[in-house]
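The structure's right below; bear with me while I get my questions together.
So that you can tell them apart, the chains are marked A, B, C, D, E and F in the order they are listed, and the count of residues begins at 1 in each.
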Amino acid sequence: MQRIDGRKNDMLRNLTFTRNYIMHPEGSVLIEMGNTKVICTATIEENIPMFKKNSGEGWLTAEYSMLPRATATRNQRDISKLRNNPRSVEIQRLIGRALRASIDLKLLGERTIMLDCDVIQADGGTRTASISGAFVALYDACQKLVSNNVIKKSPITNFVSAISVGTYHGEAILDLCYEEDFKAGVDMNVVMTDKGEFVEIQGTGEHSTFDRKLLNEMLTLAEIGNHEIIRKQKEVLGI
Amino acid sequence: MQRIDGRKNDMLRNLTFTRNYIMHPEGSVLIEMGNTKVICTATIEENIPMFKKNSGEGWLTAEYSMLPRATATRNQRDISKLRNNPRSVEIQRLIGRALRASIDLKLLGERTIMLDCDVIQADGGTRTASISGAFVALYDACQKLVSNNVIKKSPITNFVSAISVGTYHGEAILDLCYEEDFKAGVDMNVVMTDKGEFVEIQGTGEHSTFDRKLLNEMLTLAEIGNHEIIRKQKEVLGI
Amino acid sequence: MQRIDGRKNDMLRNLTFTRNYIMHPEGSVLIEMGNTKVICTATIEENIPMFKKNSGEGWLTAEYSMLPRATATRNQRDISKLRNNPRSVEIQRLIGRALRASIDLKLLGERTIMLDCDVIQADGGTRTASISGAFVALYDACQKLVSNNVIKKSPITNFVSAISVGTYHGEAILDLCYEEDFKAGVDMNVVMTDKGEFVEIQGTGEHSTFDRKLLNEMLTLAEIGNHEIIRKQKEVLGI
Amino acid sequence: MQRIDGRKNDMLRNLTFTRNYIMHPEGSVLIEMGNTKVICTATIEENIPMFKKNSGEGWLTAEYSMLPRATATRNQRDISKLRNNPRSVEIQRLIGRALRASIDLKLLGERTIMLDCDVIQADGGTRTASISGAFVALYDACQKLVSNNVIKKSPITNFVSAISVGTYHGEAILDLCYEEDFKAGVDMNVVMTDKGEFVEIQGTGEHSTFDRKLLNEMLTLAEIGNHEIIRKQKEVLGI
Amino acid sequence: MQRIDGRKNDMLRNLTFTRNYIMHPEGSVLIEMGNTKVICTATIEENIPMFKKNSGEGWLTAEYSMLPRATATRNQRDISKLRNNPRSVEIQRLIGRALRASIDLKLLGERTIMLDCDVIQADGGTRTASISGAFVALYDACQKLVSNNVIKKSPITNFVSAISVGTYHGEAILDLCYEEDFKAGVDMNVVMTDKGEFVEIQGTGEHSTFDRKLLNEMLTLAEIGNHEIIRKQKEVLGI
Amino acid sequence: MQRIDGRKNDMLRNLTFTRNYIMHPEGSVLIEMGNTKVICTATIEENIPMFKKNSGEGWLTAEYSMLPRATATRNQRDISKLRNNPRSVEIQRLIGRALRASIDLKLLGERTIMLDCDVIQADGGTRTASISGAFVALYDACQKLVSNNVIKKSPITNFVSAISVGTYHGEAILDLCYEEDFKAGVDMNVVMTDKGEFVEIQGTGEHSTFDRKLLNEMLTLAEIGNHEIIRKQKEVLGI
């Protein structure tokens, strides 16, 4: 099978991280994964949601949104519909869970980290790019807390990255662009740590069901992809 | 390890389906899975969302909600917060995808099936119970379309059910009640067909990451659980 | 005149109360009045609305809602319209006023009782069934406050029940089912205490105006109905 | 008993109607009832709500609102809370039902009459003043339909007015001002036609329950009050 | 050129202020500018927005709204659309800025003045009439603070008024009525103090651009108009 | 006086336009004005708002928003508050009016151009940068309509740009950065055409009033700035 852009089944698209892309936030990154571009920022806030009050722990949460013309046709803004886009709700919950797996909330202390992932150009894989990019912004924001003597030790415990895998004409492929994603039989997003363990697996048979064999092939590709992404995260962070 | 309610690791809780529980809908079921109780109804509407107009296909979608006191403490209604509960948004998208895997939208024709899953009492596993229960309501509603000569052949192509699996003190367990779910290391919801294939897998390491071995143990339990649920669905439907 | 279901003009439909229907709330009841079924729950909250702060008094309020398929055709959820259903707003204000007439807010102390009335199946008279059912849930929740030594004496001062009366082909009838209600000339809801006094009277000439004579006939039927409902409330509460 | 403003128990406050108070609407009135002042306008719209399509009938509905400083302390606007004021919802439904009793929807034809009642100064009895005032605006708007040859015959079939009655220190009194209303044991709003029949009765024992005797005394006062209001409506309309 | 209502280019419409128009607010005025009528009220609240906490300063803000039939065709209420009317948002921000130029927030102390401008009849120039009218209500409310010994000295530092100017058939004209405004080439609103200085200038070439010469002609008319309005404000306030 | 960044009073900040910054829209630009960065996109939609139906004319409108961390502290998204940011409402109305002055709606035909201006980094002058950038995106989108033979002739009739001017320590200065803007006595935004005429002038004495002399000085600076911006627009568009 020939992939749309000529990649082999186990190849990622071009991946770049531009650190400190925006000047105001405590951490900020532009992640580009092929034509998918997401601005990820990390904000430290010295307050805590009600359910964490007096817990001695901090909190980390995320918001995900797309600019109206990140896509081929224009999407109305959420505020025009007075309603969070349901797909965005699902995605920002995933981003929050994924990144909470990378930090120790006790070490963070009673403060909140808000990760904003704003897609400025979409070509498939925006949710996994958001996770991989947000990790870098988060890492920098945590470093700033340490260098400003707010906390002694960075709360980062793991690297976390994410990648999409799927099936196309019956074969497992890595890092689907929009056109592949649109036609994929199965679509799976896999979040992993630098220890090679899973944080979250979400696989959906959009157009066909799948068995354990196909699942295992996709997970193997996801391991390859996440390993490479974490290598690049470390490279850009100079670790 | 001793489970909270004395079950073995691969045992489901008590499961009953009460068909035609509500008199008005085209299909309706009360599913009870231990102390979890969900009213599932299927409504046929002779219209179609914009994006399906002139497609020759129908659509199936779902809504999920909890009564305020389905839980130990009272939850405000969504309308009081002018906002869909984000967890409910995530769940109803899952229910919709799961059940769309059970029907042929072309056979359905240009009409919409709305599945309403209203949890009246919650004790863990409400999303998977909603899927398993909604299937029965959906089946009955489709039969009614056939018996009323609206369509010639039921659009049902597969049975679909769902069950939660997870890890508790390092062991894989089936069908978590709330107390187990609350303390689970990993929490996974698995939707399957009567052919034994996967429709959707959503696994999250809420409190710990997981490896392939544990994943495989959990999937095996999920196969056992879904097999049993589908047996009961067929029993109650007299098939 | 022959009534639709063969009842005499002064007869109630079949009435049952299932106490402790839901396991989590402080009080809960399933009331069935013919085919009308309402889940009523009472929640005690240890806080108080702003306007009652430092009054030494508690508060009691109510919410009323219908499941989407409680009715013959599906109703959109309030949250889908971002707007409380106006009819529900009117009804929940009535339920709140009615039940506040049954308790001494000073004896309750600075806490709030929230009554949730969720109609799972509707066949006329849902607002009056909600009141009659909510009273039983309220009674149980107050008993729990006493048995848990939160307060010394139950704040319940009266029994309260409600019933609909109306006119159909010029005759006064008791406890209208949906079909009767739909065609009724006058529709009146009457809330009463076990002392036989009125708490609230709401009568509307939906399709025709009415005079004092007809009003008096309807009130007499309402007295008969409420007397019987309160007898059943006492029976189920073992008083 | 001495009333706050020296009136006898069966006396109305000063009542004036200023016709054509606002220049744009098809009908408009400023009603002043003591210190209560309401601008009532009637708008004719050449469209019809969905549920009346192809019925051959028109529709009449109402909206009720207060300016923020109509009252002693400032009320936030509904839009600031993104929520219709529940009391206003209850009132505008009452106004709509009351005025629908005054017209023949078939004679109106497939058009909608919207009555807007905006309280600019409140001193009790704003809902009944709104009904009595809106009738005059409605009457004028219907006359305009006839004089413009849109319809042949005015759809007005009855005069309709409304007044509040209540109990104060155990005595029945007519037309309560805010201070009386605030302290009233029972509060009842009575809508009547010029034939002396009831359109709607809403009586609430806010601070005490009531028996039939007291009910009858209040209804007698309401008859006196509504008779006088309709006399004034006819006077101002030159009938 | 002949103006629609025969006025000369530099003439205001008939202008009247009715002080204490509404009985409850701390200051209230009905301003009539030709057929444009606005109820302006000033409310003093003993609290302060978050961003002014512990600043030693007070705050002044404004809300602007129209009754549904203030205009030739009915406008839906904001709450019906769950959205502030964008034009109203723009206007109330202008009113707030304009009137803040008339007071010393330090002299006011940590309290808030809310100005409500509700247009009951619109015929052009509602935003400028709101400013000119709100000033009078504000003045009276500040006097009340002094006479009640809440503060020692009125925080009023300037008189403030506003007027519209524009171009019609190429000529600059003062105080446009709706019909003139609708056809105006340029539309400019000018807020000024009694010292003859500008507080705000907002000029828009709705239907044509403009040069400095035309701008200067319009500003000269605005000076004439505002001078006259402030003269009337002083007259009605007895200064 | 020394400006914060050493510029002379009549100097613009560094200005660059990156055309085709986003791949999907019909026109897109990243405008950078010093540290202020705005993504402007132009979308052509083949429909028209209700009020333009059958007018033979098209429509142009704009939306303006900031990413949460475009600013020094994080701003909640509009959807989190269920309310359009009032400042954004004011700005997007200005952008719409400004750009409508650059096109002939008749030549556009019955289609809508939506301009989205999303600030990704803010350092003062975001509204004027949005206008200047949006013009370039609009120009490109119109060229595409012509090159795709949708219309024969570009509807662009003027170049339009905008710049802020203000007073700082009593002197008029051009193109204020955030720190200057924050402390400015007067703040004025001036929209102009390439013919040197004014489209819109909005000047506010935030901290002090102003006279004609100062107004004229500011307008002269605005002419210099807009002249330079339009030169750059032409340069980047190759005209």
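Basically, a residue touches a chain if its C-beta (ideal position, glycine included) is under 8 Å from a C-beta of that chain, and two chains touch if they have at least 3 such contacts.
What you are looking at is a predicted structure, and each value in this text was computed from that prediction instead of being measured.
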Third chains touching both chain E and chain D: none
Size of the rotation, in steps of 5 degrees, that lays the CA trace of chain A over chain E: 120
Rounded Å distance, chain A centre to chain B centre (Cα mean): 27
Rounded Å distance, chain B centre to chain E centre (Cα mean): 59
Interchain centroid distance [CA atoms averaged], chain B/chain C, Å: 33
Residues of chain E whose C-beta touches two or more other chains: 82-84
Chain contact graph, described as a line, ring, star, complete graph or other shape: ring
Ring of chains, enumerated from chain C in the sense that reaches chain D first: C, D, E, F, A, B
Contacting residues of chain F [partner chain A, same complex]: 22-25, 28, 35, 39, 41, 43, 45, 63, 65, 67-72, 74, 77-79, 82-84, 114, 116, 118, 120-122
Chain D-touching residues of chain C, taken from the complex the two chains share: 82-84, 86-87, 89-90, 93, 97, 101, 158, 188, 193, 195-206, 209-212, 215, 219
